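Presented sequentially are two complexes of chain A, the first with chain B as partner and the second with chain C.
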Partner chain A sequence: MEKITVIYLDDQREVLATIGKDLAFFENLLNLEECETVDEAEQLMENLYSKGHYVALVISDHIMPGKNGVEFLSEINRDDRFEKTKKVLLTGLATHEDTITAINNANIQRYIEKPWKSEELVQLTRELITSYILENGIDYEPFMEVLDQNTLYHYLHQQS
Partner chain B sequence: MEGQRNILDTQYIDRLSEMYFSDVSSRITLETGEILMKQNHENKRLYLVLEGMLAGYRENDSGSKQEILRAGKGMFAGVHSFFSKSYSSYAELVAREPTKLAYIDANDFDLEGHKKLAQDFVPVIVNELTSRQLLMQRVMTEKEAALKNLMHSEKMATLGQMAAGLAHELNNAIGVLKGNTEWLSDSIKNLFQSLDKPFSYEIFLKAIEEGQIISSDEARNQRDRLISKLGISTGLAKKLARLNITDDDIKQLQKQQKSPGELEKIFRFWEIGTTLHDMLIASSHAGYVLNSVKQLAVTHQERKPVNIEQTLEESLILLKTLIRQVDIQKKFNNIPTIYGNGGELVQIWVNIIKNACESLLNAKTTNPAVIIETQKKDSMAMINIKDNGPGIPDDLRKKIFQPNVTTKKGGLSFGLGLGLSIVQRLVESYEGSIDVKSKPGDTTFTILLPLNN
Partner chain C sequence: MKNIKLWVGILLPLIILAIPVESFGIEGLTVIEKRVIALFVFAAMFWILEPIPVYATSVLIIVLELIMVSDKGLILFRDADAANLGELISYKSIFSTFASPIILLFMGGFFLAMAATKYRLDQNLARIMLKPFGQNPKMVMMGLMIITALFSMFMSNTATTAMMLSILAPVLTYFPANDRGKIGFVLAIPVAANIGGIGTPIGTPPNAIALKYLTGEHYVSFGKWMSFGLPYAIVMLIIGWILLNVMYKTETPTIKLDIKGSFIKSTKANIVYATFVLTILLWLTDFIHGMNSYIVAMIPVGVFTATKIINKDDLKKISWDVLWLVSGGIALGLAMEQSGLALHLIESIPFENMSAILIIGLAATLTMVMANFMSNTATANLLMPIIAALGTTVESLLNIGGLTTVVIATAIAASMGMALPISTPPNALAHGTGLINTGQMARIGVIIAIIGLSLSFVVVYILKLTDF
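Presenting the complex of A and B:
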């Protein structure tokens, strides 16, 4: 079974722990990694890439000291190695301009506002993971439990 | 409004005065408040002010009267009616103080005389036009400033009302959350204690006390150690790595040969503990934010004579932990008391000193220092709070007193962006003023508050 990682990034510990609880649903099949700083996340991504692991999804807070979430996701978007990585911005405070940059430069898939609903985050993660697995031609059978059936059905329907 | 500027050459005025206004029988003296002429009444005279001051008022279409001109010594009045040949007064002229005037009468000049008059008085007429225009401009500028002030205070008042409403609505909700989180923590504590699992209970107590203190980066390193030492799966190691367990703890776990199921349970105890910890932190933080918001809607607190220097000392006590790394220099000059509220004053100082210290520490300034100086300046108390930090960038300095402006990001020490707007509101409520000057190495907030008299 391929190693598939989901990274979530927030500079506030308590928020990170809460996201972790929401994503615990995926812990048996996916590698969940939490990060408190952009530097840490960048290093981790390098590391995972060098081991040949997939970074399927990055969920990032926006307002952080140093580089902000939109800047970080924009950088991932420009990086060929993580071309197919799904990106989600999770924030309680983003200006209109930030949001425009996020869509245009970071090519983010979704924008979630804090406070978020647990089911919403789980469902979103399901959908994006499913797309990632299918788009990368990864064998999806072992991941059936966490896949979004709707996304899977549409994909298979298109193929046939 | 100051008197109108006379830009005419005095020699020229003297010459005109000698040529036309030397007849001592054509003189008038007015008492303060006496009316020289009414608006739209006949006027065939041109007046030169010898002494005192005239003010001109004109009634507009909606019936309100506005001051449109002033004429002091060496200036002329009745220029419009005299030279426009309308011989009808453009404004009502009133003496602002005892005033002496000399005049000439249009009836005393023949056609040739009028021609010569017009020639001689061109500079006076032009000056009259210009100075009225300048006056108009000044009035408009003043009006604009007044309007801006009004809009600002209206905005702040609305914000205050909104804040009060918001605080009221949230008060109960946050109170319930906070109270119940505390209750839940105690109940679970009691329940866990009765389970007779001393190791798990210890872990739980520590977790509720300090939360997760291992960083995500440290946890990743700890993960591999646990896998090799305890021989557990990556998944379980990942969980346990978040606990702050010592090498001794690990040895104990090795000795007891805990099963993965039991280890998972220990993690659960810890997770419940940190969750309660986070909830307690978050609810008290929400309470703190709410309190700050309430300050925006601050109503008048009881005021009595208060010693400013004492309130500064109290603020320093409140900021004890923060100022430990900063050299605080007090230059107190035993200033008299002001009429105020100690709590409000402490709030002003805490906000400013806290900002100063945080900027010093964030910028890692070498020899960080804050100098607090008090002095009496006329009828005001002047308090200077100065730091040697990196300074406030120009664009930020201009809007620093607006609500929702913050330089702080992240963590629980995040700024609400209300601090300085609250400070400004308080200072304004004392009819005082606050000002900031900043360059790298010297940022000074100056607060002036009226002394008790």
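Presenting the complex of A and C:
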């Protein structure tokens, strides 16, 4: 089975713990990684890429010491190694301008405002993971349990 | 676990290669035939254990045949042991399995399905066809099953199931939590898709593999296949519908399915509609115009590429994995036939003393059981060459229709493997809804398979009576 990773990034440990609890549902089939800094996340992504693992989804906070979330996600967006990686901004403190940059430059798939609902995070993770798996031609059957059925139906219907 | 499977699949054929020909106890066995036995064991192990994807195994079969048993293969394999080397197989005939008429027939089917999906013909047809069934749950289920079965005769069973589940899923959330009717509805879709696939030669790959062995005097046209496939599918659908209604009665009084949209009225869409109708008409009227099903299948390919209805990007979406999976099966059959192995094997087993009914019964049951645990197509790939050889040689079988009878019974049996979520992709999708469990799927799957196999014997018996 292919190794598929979800990375979540926040400078506050409590937030990471909450996200971790929300995403626990995926832990049997996906590799969940938490990072406290952008540097750590960049290192990890390099590392995973060189091992041939897939980085399917990055969920990032915005306001952090050093590089902020929108800058980080924009960099991922420009990096052809992570062209298909799904990006989510999770923040309570993004300005109007940050939000525009996040959509136009970072090409984020979703924007979640803090505080968020657990089901909301689970559902969007399902949807984005499913799209990622299908778009990359990864054998989807082993991941059936965590896939979003509607996304799957739509994709399979389009196949001859 | 995966590594164990891989090594079993590699070592077993290597051991066979290492055993001297004389030790097999089959008189006159050649070195080439021994290599084909090793290839067959390799195919069987890899298709059953699946250490690599099934289509990849097919490609490997072709590559290994080219190197080990073809007339332009590795020189070592051509010169060795010249005394009883046997018949080398022409490399061109191995290559041509990639473009066998069967493969192109299937590709034509893909073009039709792709164009229909792209221009929403399938969704729109489903919408108008569902209307007359009203809102009574029993009738709606019948409507869903008829549409699913009809579409899966021309589209892949998987794409049909995906489309129908996407129509059904939103409605099921309105069912009361403890209403068992939901289970019936979810099961109805894969059951109908698996049954519907039997209806036409392009309905499901095992049918195409069967056609490969029905050539010359045994040739079965598109219309001829439908003349027994369609009535069979209708009877099985009715049985399935009754069973699901009895087993999973719903308490919901009405059910309303909502499909949005209207028929697209562009020139391209009109070309799609017209080509679809024309192709099917031509498939059914070969006795008038003389073009066989394979040639007719190229008409949509020509029309859709010329009109850019299927463009460059769409071409990349063709399921090459399905086509190559079948090619590998054809290549395996070719090697078994041309090396003489198929006949050799059958002559060395005393089938002559067995009754015809017993042989057909065993062949169909074995096929059905294997298809439950592995790909239906891979099952047909493995068993069809042997079963077809039986059909042409065993005296007792000739009295009940010979080749045509066993091959058709086997093709139907391959579609009857539907008791488990892993049996077919439609089953996996239905199971993925989370609304049914494996036990419920197995119950209906086993009952349908038993009735289906029995009914297939009736079908082939009628075919014999009518001198098909």
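Quick note on the criterion: the second predicted complex is superposed on the first by the 159 of 160 C-alpha atoms of A that agree within 3 Å, B and C clash if a C-alpha of one lies under 4 Å from a C-alpha of the other, contacts with A are read in each partner's own complex, and residues count from 1 in each chain.
Everything below uses one rule, namely that a contact is a pair of C-beta atoms (placed from the backbone, for glycine too) under 8 Å apart; a residue touches a chain by one contact, two chains touch by 3 or more.
Note that the coordinates shown come from a computational prediction; the quantities given were computed from them, not determined experimentally.
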Superposed partners chain B and chain C on chain A - clash or fit: fit
Partner chain(s) touched by A:L147 [first = chain B, second = chain C, both, neither]: second
Which superposed partner A:E40 touches (first chain B, second chain C, both, neither): first
Partner chain in contact with A:E14 - chain B first, chain C second, else both or neither: first
First, second, both or neither for A:N28, with chain B first and chain C second: first
Partner chain in contact with A:S50 - chain B first, chain C second, else both or neither: neither
Following superposition on chain A: angle at chain A, chain B versus chain C, Cα, nearest 10°: 160
When both partners are placed on the shared chain, which of chain B and chain C touches more of chain A: B
Partner chain(s) touched by A:I63 [first = chain B, second = chain C, both, neither]: first
Closest approach of chain C to chain B (Cα atoms, Å): 16
On chain A, the residue positions that both chain B and chain C contact, one per complex: none
Residues of chain A defined as touching chain C within the complex: 139, 141, 144, 147, 149-150, 152-160
Chain B-touching residues of chain A, taken from the complex the two chains share: 11-14, 16-18, 21, 27-28, 33-36, 40, 44, 63-65
Partner chain A, residues of chain C touching it in the complex: 53, 110-111, 113-114, 117, 155-156, 158-159, 161-163, 165-166, 169, 317-319, 425, 428-429, 431-433
For the chain B and chain A complex, residues of the former touching the latter: 211-212, 215-217, 220, 235, 274-275, 278, 281-282, 409-412
